[in-house]
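Here subunit A shows up in two complexes: once beside subunit B, once beside subunit C.
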Partner chain A sequence: MASQADFRDRQFLAVIGDEDSITGLLLAGIGHVTPPPDNQKNFLVVDAKTDNTAIEAAFERFTNERKDIGIVLINQHIADRIRHRIDTYTQAFPTVLEIPSKDHPYDPEKDSVLRRVRRLFGE
Partner chain B sequence: MSGAADREAVFPTRQSLGIMKAKLKGAETGHNLLKRKSEALTKRFREITRRIDEAKRKMGRVMQIASLSLAEVTYAVGGNIGYQIQESAKSARFRVRAKQENVSGVLLPAFESYLTEGNNDFAMTGLGKGGQQVQRCRETYARAVEALVELASLQTAFVILDEVIKVVNRRVNAIEHVIIPRTENTIKYINSELDELDREEFYRLKKVANKKQRDTAAADAEMKQRRAEAAAAQGGEKKAPEPEEESGPTDLLAAENDEDVIF
Partner chain C sequence: MTTSTQPPPSQAPPQEPPQSSSQEPPQDIPQQKPQQPPSEIDTLLAHYLTLLHEYSTLRASLNTAQASMYHDIARANFCAGGGVRYYGRDYYDGRMKAGRRVRVSLEGEGQGGKGEGDHGVEIEDGEGAGKGEEKGEEKGSVQKGAAEAGEKVSAEGGNKDGEGQDTGEETTTTTPSQAPKPNPPKRKPNPLTWFGLLTPPPLRNAQSHAVHAVTDLIPRLATLSTEMASVELAVRRARKRRAKALKAGKNRVVAIMEGTKRVTE
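Up next, the complex of A and B:
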């Protein structure tokens, strides 16, 4: 299979989230910065001042450009800001996962995958 | 049938009839196999969606507990440690690797998390105070991330299975509604053409037989006439037995001819 080599070396997680989520996930040890020449972080801190274009650019970078990321975690309220990108994202790799944040409880109705599940079963 | 014109472009010969029959049989076997595959995948798919549903709910709870423990850390350290942590993150301790699982010929990847030994970016975090809380928070978040990784592999399987099931169902439907009817039509067409050829051949033979009959009858008549003329000419000189002698062979000939026509 051609895609086999594709996900063999995907070993990192990436996060787009608010400061608290990022802090917690970094404490768990998922943070990674690539060696000096480009110094790319695998996380993006988003606050009220962050532009939607910046979020989209980060999403684009994590999903398409970097080949070493297996899972992209994104806070649900941030996913809402670039909802069209998330909904049209259909690749298997990397997996995009919407996670709840401290201030925004998790709403299963908004999750793009759960919505697909629901649509498939006609609920 | 609706698609009387929808058939493959073949010459109506016995050979292509044989080919078509083999093709129909192959299509039916393939249809059965694909249908079974699709059913197996759908069963797996339903199981996965159910597990995704559960895992998503579980994730909500786990993340809530995790953020609570982070709040504890903030309280114990007495300030925001976010900046410090972002700066000290260098190399991922928590990584994932993908392994594969085979479900009826579809390779489903599944993530597996593992910890790399020996690097700790946050050795200094909480050194002043709140070290215990930081430690606990790290453990809680590690557990949360493990749940997330599990959910991610379910979700990947979901996306891939969804795609594969669509492809398989498309094939099943194509075989059922296009290939099989078309092959059946072709077989029907070839059969009707062959029948037609048979009838034509029979008619032709009949015609030939008729023609032969007519020809021999005509030849017969002609010969008879000639003999009669010859007999008449000879009869002018001698009127005796010769017509009788001649009439014997002519009769024989005629009988033979007759038989030939019947045959």
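Up next, the complex of A and C:
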């Protein structure tokens, strides 16, 4: 079991999303760039040119490698591109939340939490 | 008035027996038996459904907040001016620092009733971002003014103390310098300033929607997600225990039946 100190270190939100989602959330003041030489950002702007491997690498970095991320927000249509990773992710922290994007409204059928609900009730 | 409403004493006795008889005939004795207490699984599932309801409600609120945010960003892009073509990644600050941070707390500590997986997630305002930043600036200016006033007051107080004491002028001159100087408030830039000093109102509205989503909705959703996961785990464990108990009960019945057969033989 992780100690309280481990949870206290998790103080940033990370975002994987399209440009407008990132812009809006950065306006709220969650953006953080670690000091040099790392210069690690806590967000990834995904566009049409971004590969699935890059998204997967960012998800891996935010969920496993970095120990200062408490919540990972990801656009639902981007989560669909790495759905196998999202569905097999079972850790309590960082918590992964799927959020809607400008062009893709929220679909409860695809939400990982509601999928868990359906699984629990045997559907 | 009161006498007319009250039934006469002679009519009261005949009315009572029918009432009592109407209550007795149904004989709800089997229905009045105390119901069995809900099983552990039922209790957990009821709690789970409550969490699910809250999750769905917050989801709807988050969708609304984000839709408003996207709408305002689109409006800001439509009326972009002052050299800005598009409010996007080209203007992000490469050295940005988070003004809002996550605080994870174990809610089950010392309460006993909570499980291991119960965590509370909150967003705490740092030195300020968005509206908080503006408030922080206001506070900062107020504190600065107060600090200046405080320095004056302390200087005056020092002089007064000096006058009151017989130690001389040395103490009065040293006290202002020894007094702890209030730390100047840290000013973290508002992310709006990345896009220029005069940002359009829609962008400010977008910021307020984003702040609402980040501070009020997302942390609670994260907390609910982890809490629901822990309840799911507890339900699965309870189901396993029940299945084991049923299996053990069946085996015991079979053993008893076999024992009785042997005795009869």
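The working rule: the second predicted complex is superposed on the first by the 118 of 123 C-alpha atoms of A that agree within 3 Å, B and C clash if a C-alpha of one lies under 4 Å from a C-alpha of the other, contacts with A are read in each partner's own complex, and residues count from 1 in each chain.
Note that a contact is a pair of C-beta atoms (placed from the backbone, for glycine too) under 8 Å apart; a residue touches a chain by one contact, two chains touch by 3 or more.
Quantities reported herein were computed from a predicted structural model and do not represent experimental measurements.
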item: Clash or fit (per the criteria above) of subunit B with subunit C on subunit A; value: clash
item: Contacts of A:Leu13 with subunit B and subunit C, given as first, second, both or neither; value: both
item: Contacts of A:Thr88 with subunit B and subunit C, given as first, second, both or neither; value: neither
item: Subunit B versus subunit C as contact partner of A:Thr53, first or second or both or neither; value: neither
item: Partner chain(s) touched by A:Val45 [first = subunit B, second = subunit C, both, neither]; value: both
item: Partner chain(s) touched by A:Ile71 [first = subunit B, second = subunit C, both, neither]; value: both
item: Stretch of subunit C penetrating subunit B in the combined three-chain arrangement, among 7-15, 25-33, 151-159 or 187-195; value: 187-195
item: Set of subunit A residues, in rising order, touched by both subunit B and subunit C; value: 1, 4, 7-8, 10-13, 19-33, 42, 45, 70-71, 73, 90, 92-93, 95, 97, 99-102, 105-106, 108, 111, 113, 116-117, 120
item: Interface residues, subunit A side, partner subunit B - complex; value: 1, 4, 7-8, 10-13, 19-33, 41-43, 45, 70-71, 73, 90-93, 95, 97, 99-102, 105-106, 108, 111, 113-114, 116-117, 120-121
item: Footprint of subunit C on subunit A - complex, ascending; value: 1, 4, 7-8, 10-13, 19-33, 39, 42, 45, 70-71, 73, 90, 92-93, 95, 97, 99-102, 105-106, 108, 111, 113, 116-117, 120
item: Subunit A partner contacts - residues on subunit C that touch it in the complex; value: 48, 52, 55, 59, 62-63, 66-67, 69-70, 73-74, 87-89, 92-106, 109, 116-117, 119, 121, 123, 126, 128-130, 132-133, 191-192, 203, 206-207, 209-211, 213-215, 218-219, 221-222, 225-226, 228-230, 232, 235-236
item: Subunit B residues touching subunit A - in the complex, by the definition given at the top; value: 49, 52-53, 56-57, 59-60, 63-64, 66-67, 70-71, 80-82, 85-86, 89-98, 100, 107, 109, 111, 115, 121-122, 125, 134, 137-138, 141-142, 144-145, 148-149, 151-153, 155-156, 158-160, 162-163
